[in-house]
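What follows is subunit A paired twice: with subunit B in the first complex and subunit C in the second.
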Partner chain A sequence: MSLSRKIAFVDLTTGKIETKPISKELRRKFLGGRGLDMYLLYKHTKPGVDPLGPDNVALISAGLLVGTLASASSRTHVGGKSPLTGYVGSANVGGFFGPEMRLAGFDHLVIRGKAEKPVYLYLHDDEIEIRDAEHLWGTDTRDVQDLIRQELADDDIQSLCIGQAGENLVKYACIRTSIKNAAGRTGIGAIWGSKNLKAVAAKGMRDIGIAQPKEALAYNKEIINQVTSAKVSKTMQKLGTPFIWGVTNSTGLVRTRNFQLNQLVNADDIEPESIEEDLVGTAGCFACQVHCRGKYFIKEGPYKGTYDEGPEYTSQGAFGAEVGCTSKNTVLVCNHLVNYYGMDNLETGSMISWAMELFEKGILTLEDTGGLDLTWGNDETVIELVHKIAKREGIGDILADSPLEAAARIGKDSERYLVHVKGMSNLHSDERPTPALALNIAVSSRGSDHLRGRPAIDLYHLPEKVLRQIYSNPIPYDGPLTSDYRDYEGKPWQVMWQEHLYSTVDCLGICKYHTVFLGPNMPAYEEWANLIRLNTGLELTPEEIYRAGERGYTLERLFNIREGMTREDDKLVDRYHDEPTPLGLPVVRGRFIDRDKFKIMVDEYYAHHEWDENGVPTREKLEALSLNTLDKSGSEPSNLV
Partner chain B sequence: MITIHIPLILRHLSDDAETFQVEGSTVGQCLEELVKAFPGMQASIFSKKGEIHHLIEIFLNSKTAHPDELRRPTVDGDEIHVVTLLSGG
Partner chain C sequence: MEKVLVVDAHKCTGCRLCEQVCSVMHEGSVNPHRARLKIMKWEIEGEVLPMVCRQCDDPPCRDICPMGAIDKNDDTGLVQVDYDKCIGCRMCVSACPFGAMDYDVVGKKVMKCDLCGGDPQCVAFCDPAAIRFENKAKDSSNARRAAAEAARAVQSEKDR
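Moving on to the complex of A and B:
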C-alpha cells in the first residue's frame, strides 16, 4: 500500500535513525507532503530555534500521490525554519527524486542535529545509511549527483543535493535535483549546509501498491487529456514558462532596474521566441506530459558549449529586467550558474538589482564593490556577482545574506530600496496595477511569493461565470468576484482560495502547472478526490481535501506567529503605494496600490480565513480544523495525534 | 448580433471599447469583423499563420472554444470572450 510509507527521524549528531508509521488520521488531516511537513516543523522545533543551528529540522517529503498513476505526481517538498526570513521555510521541486524516495519506503524525513563531517544519506530498501561525503564537499550540483551514482554503482539513483552556495551558507541557497530542478525559495540549502548534509540519495525497489490499478490508469488517461488539451499547456510545451514574458513585459508588468521601471525596452533578444531558437528540445518531470523545461547549449562567450536546462520566466526577470540586461546570453549563463552553485535565481537577481540601485544612488561605491562597475545592464558584472555571491567573496559576502541582513550591514538607508515581503524578495512581476497579486505577495506565508496564493488567472479577463464556477468550489461563495484585475473587490477571497489550492497540491505532490494556476479548465478537487481514492484507497470528499490544504496553510500561519510575525508583516514596501508605474499600456500606467483599499483587502482576507483583526486564527477556526489541542497561548496545535 | 468581449490589455487597440457587436456564423468570421474594425488587434489575436495566437484563448458562451475555435458555429446572442493567457505574471 502506498500509505504504508514511513516517517524517518534522522539525528546527524548522534547517528540515530528511528522510523514511525504515518497514521490514517494524520493522512486524513494533512494528506502528506507540505501539509504534513508543516505539522512536523511545528512539532519538532522549539520557538525561536536558530535556523542554522542543530535544533532546526531539514524536512523532506513526497506528496500523497507521488509515484502513483496520477499525472505529474513528481513533487518533493523540503522545509525547515527559513534562514532567509526566520519564518516558514518551504519549497517544492519536481524531477524524479520524490517517486524514488517512496519506492525506497519513505514519505517523510525529519533530519536534525549536525554531522561532525560532511555526509550524505542513502535511502534504499526501507533503510537509511549515513555515508561519508567529505570527498563530495565543494562539488557543484551536477557533479555531486554523478559522483554518488558512480560510488553506488547505480545509474538509477536520484539525489537531492546542495552546491557550493549551500555549503557557504548563502541565505537563499536551494536544494536541487537532476540538471535544473530546484526547490528554490527560503534558503533550505543553507539549512543543509549548516548540518554538513551534502545530499540525500534514493533508490527504490518496493512496489507503490496502487489501490485500484486498472481503474487508476484509465482515469488518469482522462486527466492527461484534460491537461494536455488545454490551450495554455500547448503554449507551455512549446515555449516553457518564458512564454509569459513577452506579454507581461509589453504590457508593463515587469519590474525593471530593481523597482524604478515596469518594462524592459529593447528586449527582443530575451523574448520567448528568441530563446526558443536556442532550445534543442524539452525535458519533463516524472509522469508529466507537458514537458515545460527547455534544453539548451550556451552559444557564445566563455561558457560556449555548456549544456543546461531552462531558463524559466523567473530567470528572464532576474537576469534581464531587474538588472537592466537585454542579452539572452547573460540570462542563459546566469541561469546556468545558479543551477551549478545551487542558488535561488529569483533572490540572486533581486539582490544584484538592489545593489545596482544602491550603486546608482552612491550608497555603494567602487571601493565597496572591489572595483566592480554595477551600472545597469553591465552583463559582465552581473555574471561576476553570481560567482561572488556563491563563494561569498568581496561584496558577494554581503549580498549572500538575507535582504534585511545585507541592508543592516550596508546601512545608509539601503533598506528603503529593498523590494521584499517578510525578508524575501519579490518576483520580477510588478503588482502595482493588480491588487489581487499585490495582496497575494503581502500576506503569503513564506514571504513575497507568487506560488503560494497568486490568483494568476486574474489577469486573463475570463468570463465572470467561469470565475464563479472556479472560486465557489468545493465550498460555496456568493460574494463579489470580478474579472477586472484593477479591482480590489472580491480579490481577498480569490487569494485565500488559491492559498488553499496550492497548499493542497503541494500536499498531494502534483505540479501546479497542472492546476488552475495556469488555466481555468485544469483538474481540481473533484478530480483529486478520484485520484486519491483510486491510487491510495483513501476516501475523501472534495471539501475534506480542501480543508486539509487549509489546515496546512493555517499551521504555517501559526508557525509564523509563534516565531514573532504580526499583522505589521503583511505589507508591501512603500514604493508600491508611493510610486505609480511609469511605463506600459494605458491600463497599467500610473497605477499604484491604494493604502486604504489595501488595508480593507487585508481585513477581508483575514475575515475569509476566520482569523481575527491581527491575523491570528480564531479558536473557533482551530476547532473547526481540529487544530484544537491548545496550549495557554491559545494557538498551539501540536500533539494532535 | 454576437458580442465580443475585449480584454483589458487589448483595449488600447479598440478605442477603449469593452465590447464589440458583430455578425458572423463562426467564431473566425466574428473575429475577422473585429480586426477589420480595429486592425491593430490582428497581431495580438492571430498568429502569422492566421491561427489564434498562442497567448490568446477564445471562450464561446463561457466555455473554451479551443481547439478548432475559428470553425465553431455562432448564432445570434452568442458571447465571445477573448482571453489573454497572462498566467503567473
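Moving on to the complex of A and C:
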C-alpha cells in the first residue's frame, strides 16, 4: 500500500540512518507532505537553531497522493528553518522526483548534521546510500543530474539538487529537479549547501498500491476532464503562466522599477503572445495534463541554442518589469541562468531591482558596483548581476544575502527601498489596488508569498453567489463576500480559506493549478475525499481534510512564533500605504492600502483563524485541532506546543 | 483492420501519465517501471520520444522464442505472450529491437503491450493525443499530410 512508506532520518555528521513508519494517526492529522514536514520541523529543531548550522534540518517529503491516480500527483516538498527569513522554510516542486522517492520506499526524509565532504544520497529499494559528491561539487543543476544518471548507469533516476548558488550559500538558493522544476523560495538550497549535500537521487521499483484500482482509474479520468475543460487550463496548456501577464500588466498590477510604477510600458516583446513565438512545445510534470511549462531555445547572444523551460510569469516580472527591461531575450536568458545556478528567480530579480533603485538614489555608486551601470533597463547589467550573485562576486556578494542582511551591509537608508514581508521579497504583482492580495502576502507564514494564500480568483469579479459556493465549503461561512477586488470586506475570510486550501494541497502533493487557484471550477475537498479513499483507502470527510490543512498551517504559525515572530511582522512595507499607484486602468489608478482598514482586515483574519489579537492561536483552537494535549509517547504534536 | 499505437512525439509533453495508467491497468498499482511503454527523454536537449511496441509484422520476439510462446493474432495483429508456455528465459527481451519487450523484476515475468484488450489506456488518458490508436495506414498518412502541408505552404508562397 502507498501508506507503508517510511520516514528516514539521516545524520550527515555521523552517517547514521534510521527509518520509522508513519502512523495512521499522523496521516489523519497531517496527511503528508508539507503538513507532516511542519510537524517534523517543529519536533526536530530547537528554538533559535542556526539555519545554516548542522542542527537545522533539511526536509524532503512526498504528499499523501503523490504517484497515485490523482491528476498531477507529482509534488515534492522541501523545508527547514529558512536562512532567508529565520522563520518557516518550505517550498514545493513538481517534476518526477516525488513519485520516484515513493517507489524507492520513502515518504519523508529528515536530514541533519553536516557531511565532512560533499555527498549525495541515493534512495533505492528501501535503502539509502550516502555517496561521495566531491567530483560533482561546482556543477550546475542540469549537469549534476545527468552525471548522477551516468554514474549509476540508470536513466530512470530522478534527483533533487543544488547548483553553485546553493554551494555558495546564496540565501535564496533553491532546490531543483529536471530542467525547470524548482522548489524556489525560502532558501532551502543554502541549507543543503551548508550541509555539503549536493543532491538526493532516487530510483525505486516498489509498487505504489492503489486501494481500488479500477474505480480510481475511472475517477481520475473524471478529475482530469474537470481540470482540462476549464478555460484557464486550456490557456495554460498553450502559454503557461506568462498568460497572466497579459491581464495584469495591461490593467496596471505589475510592480515596475522596484516599486516606482505599476505597469511596464513598451513591453510588447515580453507579452505572452510574443513569448509563445519562441516556444517549441510544452512540458508537463508527472501525470499532469495542464503541462504549463514552455520549452524554448535561446535565439541570440552568447547562450544562443541553449535549451531551457519556462519562462514563468515570475520571470517576466523579475527580469522585465522590476528591473525595467523590456527584452524577451533578457527574460529568457536570466530564466535560464537562475535555473542553471539554482536560485529563486523572484528573489534574484527583486534584489537586482532594489539595487537599481539604490543606484538611482545614489546610495550605491559605480564604486560600490565595481563599475557596473545599474541604470533601469540595462539588460547587460541585469544578466551580469545574476552571474555575480550566484558566484558571490563583488556587489553580488551583498545581493546574495537576504534582503534585510543586504540592507544592513549597505546601510544608508537602503532598507526603506526593500519590498518584502518578513525578510522575503514580494512577487512583482502590485497589490495596492487589491486588499485581499495585499493581506495575503502580509500574513503569509513564509514571508511575502502568493502561493501560501492568494485568493487569485478575487480578480475575476465573480458573482457573490459563486464566491459563496466556493468559500463556504466545506466550512459554512455567512459573512460578507464582494465581487469588487478593491474592497476590504470579506477578504480576510477568503485569505484564510485559501491558506488552508493550499496547505491541504501541499499535504496531498498535487499541483495547485489543478485546484481552486486560478480556476473556480477546479477540484476541492469533495473530490479529494474521493481521491484519498480510492487511492489510499483512508476514509476522511471533506471537513477532516480541511482541518488537516488548517492544522499544518497553524503549526507553521506556531513555529514562527517560537522563532520570535509577532503581530508586528504581519505587515506591508510603508510604500503600500504611502505611495498611490501612478498608472494603469482608472479602476486601479491612485490606489493604496488604507492603514486603518488594513488593521481591521488583520484583526478579522486573526478572528477567523481563532487566533488572539496578537496573532497567537487560542487555547481553544489548539484543543480543537488537538495540537495541545500532552502525550508522553512523543508521537503526538502535542509535546511540541 | 489492424490497429496499432501511433506516436506523435512532437505532441508529447513527457508527463508519463501513460506509464502510470498502464501500470495500474496491468498490475493494479502505480509503478511506471512496470509499464508496457516508456517515455524516453533527453532532458538537456528538451527532447522526448514515447517508445511503444510496434506489433511487428514479422516479430523477432516471436521468432526467437524457443517455446513458441509468442504469437501474432491474424485478425487484430496483436503480438501476445502465452504465459502458460513462457519459461521466462528473456530471449524475446534481447531480440526486440525497441526494448518494448521488457522484463518485470517485480512480477518476475516478461511483459509487453497487449493494447489493453482493445482499449489502450495510454491513449485514453493522453490529452495532447501524442499516442493514438489507429489503423496502420494512418501512421504514414498523418506524416504525409503534415509534410505535404509544409510543402504546399512553400509552394503557394512561391506562386504568389
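Here, the second predicted complex is superposed on the first by the 628 of 641 C-alpha atoms of A that agree within 3 Å, B and C clash if a C-alpha of one lies under 4 Å from a C-alpha of the other, contacts with A are read in each partner's own complex, and residues count from 1 in each chain.
Methods note: a contact is a pair of C-beta atoms (placed from the backbone, for glycine too) under 8 Å apart; a residue touches a chain by one contact, two chains touch by 3 or more.
Since the structure is predicted, the reported quantities are computational estimates derived from the model, not experimental observations.
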Touched partner set for A:Y307, first subunit B, second subunit C, both or neither: second
Contacts of A:V587 with subunit B and subunit C, given as first, second, both or neither: first
Which superposed partner A:S178 touches (first subunit B, second subunit C, both, neither): second
Which superposed partner A:L462 touches (first subunit B, second subunit C, both, neither): first
Partner chain(s) touched by A:Y485 [first = subunit B, second = subunit C, both, neither]: first
Contacts of A:L622 with subunit B and subunit C, given as first, second, both or neither: neither
First (subunit B), second (subunit C), both or neither touched by A:V247: first
Residues of subunit A contacting subunit B in one complex and subunit C in the other: none
Complex contacts: residues of subunit A adjacent to subunit B: 229-232, 234-235, 238-239, 241, 243-244, 246-248, 251, 253, 313, 429, 437, 450, 454, 456-457, 459-463, 465-466, 484-486, 517-521, 585-588
Subunit A - residues contacting subunit C, complex: 67-69, 96, 99, 103, 142, 145-146, 155-156, 178-179, 205-210, 213, 216-217, 220-221, 224, 228, 237, 280-289, 291, 295, 297, 307, 309
Contact footprint of subunit A on subunit B as seen in their complex: 5, 7-9, 11-12, 54-55, 57, 59, 62, 64, 66-67, 79, 81-89
Residue ranges of subunit C touching subunit A (in the complex, touch as defined): 10-11, 13-17, 20-21, 23-25, 27-34, 40-41, 43-46, 105-106, 121, 124-125, 127-128
